[in-house]
Amino acid sequence: MKILVINPNTSKRMTEEIRKTAEMVKNPGTELIVTCPKKGPESLESYYEESIATMESLNIIESMQERIDAVVLACYGDPGLYAMKEILKVPVVGIAEASMVMATILGQKFSILVALDKSVSMMENLVLRHGFKDRLSSIRSVEMPVLDLEAKPEETTKKLTEAGKRAIQDGAETIILGCAGLTGFDLKLQKELGIPVIDPVKAGVKLAEALSFMGLTISKRGLYSYPPKMRRD
Amino acid sequence: MKILVINPNTSKRMTEEIRKTAEMVKNPGTELIVTCPKKGPESLESYYEESIATMESLNIIESMQERIDAVVLACYGDPGLYAMKEILKVPVVGIAEASMVMATILGQKFSILVALDKSVSMMENLVLRHGFKDRLSSIRSVEMPVLDLEAKPEETTKKLTEAGKRAIQDGAETIILGCAGLTGFDLKLQKELGIPVIDPVKAGVKLAEALSFMGLTISKRGLYSYPPKMRRD
Amino acid sequence: MKILVINPNTSKRMTEEIRKTAEMVKNPGTELIVTCPKKGPESLESYYEESIATMESLNIIESMQERIDAVVLACYGDPGLYAMKEILKVPVVGIAEASMVMATILGQKFSILVALDKSVSMMENLVLRHGFKDRLSSIRSVEMPVLDLEAKPEETTKKLTEAGKRAIQDGAETIILGCAGLTGFDLKLQKELGIPVIDPVKAGVKLAEALSFMGLTISKRGLYSYPPKMRRD
Amino acid sequence: MKILVINPNTSKRMTEEIRKTAEMVKNPGTELIVTCPKKGPESLESYYEESIATMESLNIIESMQERIDAVVLACYGDPGLYAMKEILKVPVVGIAEASMVMATILGQKFSILVALDKSVSMMENLVLRHGFKDRLSSIRSVEMPVLDLEAKPEETTKKLTEAGKRAIQDGAETIILGCAGLTGFDLKLQKELGIPVIDPVKAGVKLAEALSFMGLTISKRGLYSYPPKMRRD
Amino acid sequence: MKILVINPNTSKRMTEEIRKTAEMVKNPGTELIVTCPKKGPESLESYYEESIATMESLNIIESMQERIDAVVLACYGDPGLYAMKEILKVPVVGIAEASMVMATILGQKFSILVALDKSVSMMENLVLRHGFKDRLSSIRSVEMPVLDLEAKPEETTKKLTEAGKRAIQDGAETIILGCAGLTGFDLKLQKELGIPVIDPVKAGVKLAEALSFMGLTISKRGLYSYPPKMRRD
Amino acid sequence: MKILVINPNTSKRMTEEIRKTAEMVKNPGTELIVTCPKKGPESLESYYEESIATMESLNIIESMQERIDAVVLACYGDPGLYAMKEILKVPVVGIAEASMVMATILGQKFSILVALDKSVSMMENLVLRHGFKDRLSSIRSVEMPVLDLEAKPEETTKKLTEAGKRAIQDGAETIILGCAGLTGFDLKLQKELGIPVIDPVKAGVKLAEALSFMGLTISKRGLYSYPPKMRRD
């Protein structure tokens, strides 16, 4: 099984961290193609940057679609997710939706930790659109630029722990790392906080494997039916 | 007051129709700039095409932002609306959101008429995201490609009337024309059906004028705060 | 275009302030009739008072209905709004609904500033009924009787600024002045707070103008169909 | 215990039927005062008429408030219910809210039978406001003017049975008679349909007795706190 | 009328308190059978214990079903409520649902006081399932084991008063005692707090009496239809 | 990794089918323990039977908890799911919740096919409780007793195809087999209908593997925290 893991920003460092995480949890029989666009924003901290990154990601997907069995969109904003599900038939999984569905199974209320204050509003909007508002406990920011997260791991760990403790006081039963740039911090944080911490990259890879293995596809009826001019079946 | 009305597809014909409609309802003191991208899809019938069109629209907006007092996004899918509200401070109004808020004032339940069967699912998703699901009566398709709508006005009128009658049986108290390509068909259809028919281009222009005239702006706090790298105030 | 702006309480001072605000934002071609009942409560701070005021307002509307193109109901509780939409065909706009729909366009979350603690519960109920609960950030009271608001402008400004700052901490991206008695305080407060502040009287007038100009009416099918004994079309 | 049962319309016949029903189910120790306004609409088939009737009902309540232990508002639209709960401390029960809460205990989904097509929209709005939309199966009309319901009992029974059968096909597990004018038809219809049929007048009386007996009152904190001192011209 | 009041835990003391409360509010003509299982958990503080208690309660109900006119399930978690409504036709009322519907009539927002921190999450889940989330103000715990509540009445009263005051600050307009073990503390607490306090055992008994008296039954169509192998009508 | 797959009814045939399905999709390194209670109902077609089966399942889980890394509850009603998540720390996955979260990733709207008409109401209730009502298209019954499903595969296939076609007309984009007794019919039906068909047993096994592999557990904070020390007579 070949899974394309696409980091829609151009940060090579973040792509490398995503690759490490994905390799760590993939099944032995899974082959991963972890990639990112050559141009576009180096981190996605706004809808504007997400729009640019979406185009670049769609180009990558179109060029590789013959060779892949599933796609993991490795940015917590799920940018361009609808369009990707529309042009492909193989399972496409956003890491935000993957992590949220797992959180709903492990506890009643989840909190999301994000990089920037601005992301708090964006995440709240995302949770609303995904239909999980009744299960959301809070969204807490570590107030660090996305590109600093992997670059300054000690500061990140410290701030994640602080934010996680506030989230627990908010009523969180599970924690989601709400940024692909936070991948790899899950196990340490889980140990620190004593409640499950979900790494969304892991969630995306495992769910994509599961769907593909089960022979399931994106439904080509209704919302994600092929664009009229691209019909291919 | 200068209002940019942007048709995110490249159809000159549809841009012309949008201009006609917008000119018809604008205030005397309003100057309209009605435009469309030079490249990109000629009609937007999928999320994929919306993604491409979003990039083109954002480029236009960026190049014109110094000279405009408000923006009307004249495509019923509201493509790229979040990003546009994020990079601008002047009011940005999507024609879908404008038409829905007007519908909620005129009656309890509204129906939306769309071009294609695929759009039915996309609209349902849009209504859900805009929070108006309890006010939606039904979505009915005329099953014509978007570019045919203006090209074959008689067929369009006939099919709109049929779809509108079905919508009334579904419980519609008002009708929204759910496609910029349907602009200009409102008054005739309203006469035919006997209930209010909302032309979303008109709704967008009038709401943009109103917001701008009132001295209101997009809030630069929270969801639509400027992208971190673009902060300008 | 003739718009009836009806202040359902009997305060002449408040009616005067409403008139000033409405005149300030109306289109040149709009003629305003701003009025209030001769008897009834001088301010509406309860459902009980709203019930009395509704009767008085309905009488005014019935006597003037031949001569008007739209109605603005200038009390933030939208008292009697259903009945008014029912007996008229011309657009009837409540200033609460008008301000809320504008707020949803300018930001994700809005807060409402009200006069009295009791109004906090009444507003929460109103927001719930209008379907905007997911967009509400908070409701904050300045704890002043309605009739003091215009009478003591300095105290009002000071308390509004304090309440507005608390609202921003609650997550507000826009602020709505949740009482017709607060009309005219919008621009100063907006400058103070740095986020959009919506004057609901302005919102009501501009929306009524827009709907009327577009040739739209209250739907006489379904919820707002004429009372059985009054059918007139 | 003295319970005021108020029929807000002026129909003596309907008031008599309401009295009969109320007497039938009251506890032995309960004394009923069943009354209706002297002037106002003879039946309430619109929000406009409800507004007039509200004023008349409030006057009755104010004049009797010293002598009563609970109030039942015997009109299915619950007109003026908020105001009544506000000015009184003794339990005030609307027959619509009473019947809906009983229905939610007896089955998952309920349907409401109403007199007129217009009432279908009004009931849908009422159910939404009372928060029971997820429990509503359908609203079906017998298409008879309210005053005919008691006057033509055979036709009413026949049409109720037909409407009830359609409601069962819609998924109804219980039926609510959605008009005080339908009081007394419950047991016959229940026998006919084989599922529980709730007479809202009975529901209101029994719930008012229960609340009063338990020593409960309307909360005078928050939404239903007393109106601030009334000022009238 | 014979009402079975079933305490699903095995605490004789709590069963006695429930009996006292039920006797205090029942109608003169009502005969109460108040009982509890012989084996099973002595208090229900988890879903696990509720599952065991459900089986014991179902056995009691099955053995007594010929002789009873209604059932009150006297545990605030409503354990096994669906199954009980399914196997019986006479009204079955959970004390949680009974208290919540009464609270919605007396005020806009209610708070629930519970015994243990763990119960806070369980109650939140229960409120969500019963569809009253928009009416919930908060859930506050007295942090005492269930069996201590009746055993240490002074401590309980003190802690309830403290928790009730916090609930009022949260916005509560009414208070519900969210544990059968708190039965009998309502009137004292109501006096202390000045807002209505609902004893759920009382609510359950009065609602069961009312439903039975009205000739209503659990609907045997849809959700609560008899188990296929037990069909009896 | 050892996964306990528990069929809560006593049908050996159905347990065998569940084993076959589970073996088909498990990872090579996964060891399955597929079992069912020795006593209790042979099929679960009511809440009553679910209550009995829950006790038996809990007993099995308690006796095996030292030796397992995850649990799959293989009955579509998710009976006893809360209690199981409460007493265990290893991931516990209900096949209903697993299938629904997968369906939300593959399309906008899903339909569920069930065995009996009674299950339609039970499923609707389940979907509501799991929070997926906005994503549900319809629930369609094949009207066959659960134990006949595997026993008469040709009739089952035929009726599933018919029900699936009706579901597609209802707007389904994906289909869920809403009964463990339907396991194994997915691929054939998927071929027949042309849209994704989700076998919930497969969904449960793959999700349990994923969660366990990621090092995640049920959160022991909040809703699923361990039962306080159990006291039993």
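So that you can tell them apart, the chains are marked A, B, C, D, E and F in the order they are listed, and the count of residues begins at 1 in each.
By definition in this document, a contact is a pair of C-beta atoms (placed from the backbone, for glycine too) under 8 Å apart; a residue touches a chain by one contact, two chains touch by 3 or more.
None of these values were measured; they are calculated from a predicted model.
*Asks:* Compute the shortest path length in steps from chain A to chain D over the network of touching chains.
*Replies:* The least step count works out to 2.
*Asks:* Give me the set of chains touching chain A intersected with the set touching chain F.
*Replies:* Chains in contact with chain A as well as chain F: B, E.
*Asks:* Regarding the chain E and chain F pair, does the interface count as same (over half of residue numbers shared) or different (under half shared)?
*Replies:* Looking at both copies, the contact residues mostly coincide.
*Asks:* Would you kindly tell me how far, in whole Å, the mean C-alpha position of chain D lies from that of chain C?
*Replies:* Here the centre of chain D sits 30 Å away from the centre of chain C.
*Asks:* Could you grab the centroid distance between chain C and chain F? Build each centroid from C-alpha atoms only and quote it in angstrom.
*Replies:* That gives a centre separation of 52 Å.
*Asks:* What's the distance between the Cα centroids of chain B and chain C, rounded to whole Å?
*Replies:* 26
*Asks:* Would you give the residues of chain F that are in contact with at least 2 other chains, written as numbers and ranges?
*Replies:* In chain F, the residues touching two or more other chains are 108-109, 121, 124-125, 128, 134, 173, 222-223.
*Asks:* Taking touching chains as linked, do they make an open path (line), a single closed cycle (ring), a hub with spokes (star), an all-linked set (complete), or other?
*Replies:* other
*Asks:* Using the touch rule from the top, collect the residues of chain A that touch chain F in their complex.
*Replies:* Listed in rising order, the residues are 25, 27-28, 91, 93, 97-98, 101-102, 104-109, 131-132, 134-135, 168, 171-174, 187, 190, 194-196, 198-199, 202-203, 206-207, 209-211, 213-224.
*Asks:* Which stretch or stretches of chain B touch chain D in the complex?
*Replies:* It comes out as residues 108-109, 134, 173.
*Asks:* Taking the touch rule as given, give the residues of chain C at its contact with chain E in the complex, in rising order.
*Replies:* Chain C reaches chain E through residues 121, 124-125, 128, 133.
*Asks:* List the residues on chain C that touch chain D in their complex, please.
*Replies:* It comes out as residues 10, 38-43, 45-52, 54-55, 58, 80, 82-83, 86-87, 116, 118, 121-122, 124-125, 129, 145, 147, 222-223, 225-230.
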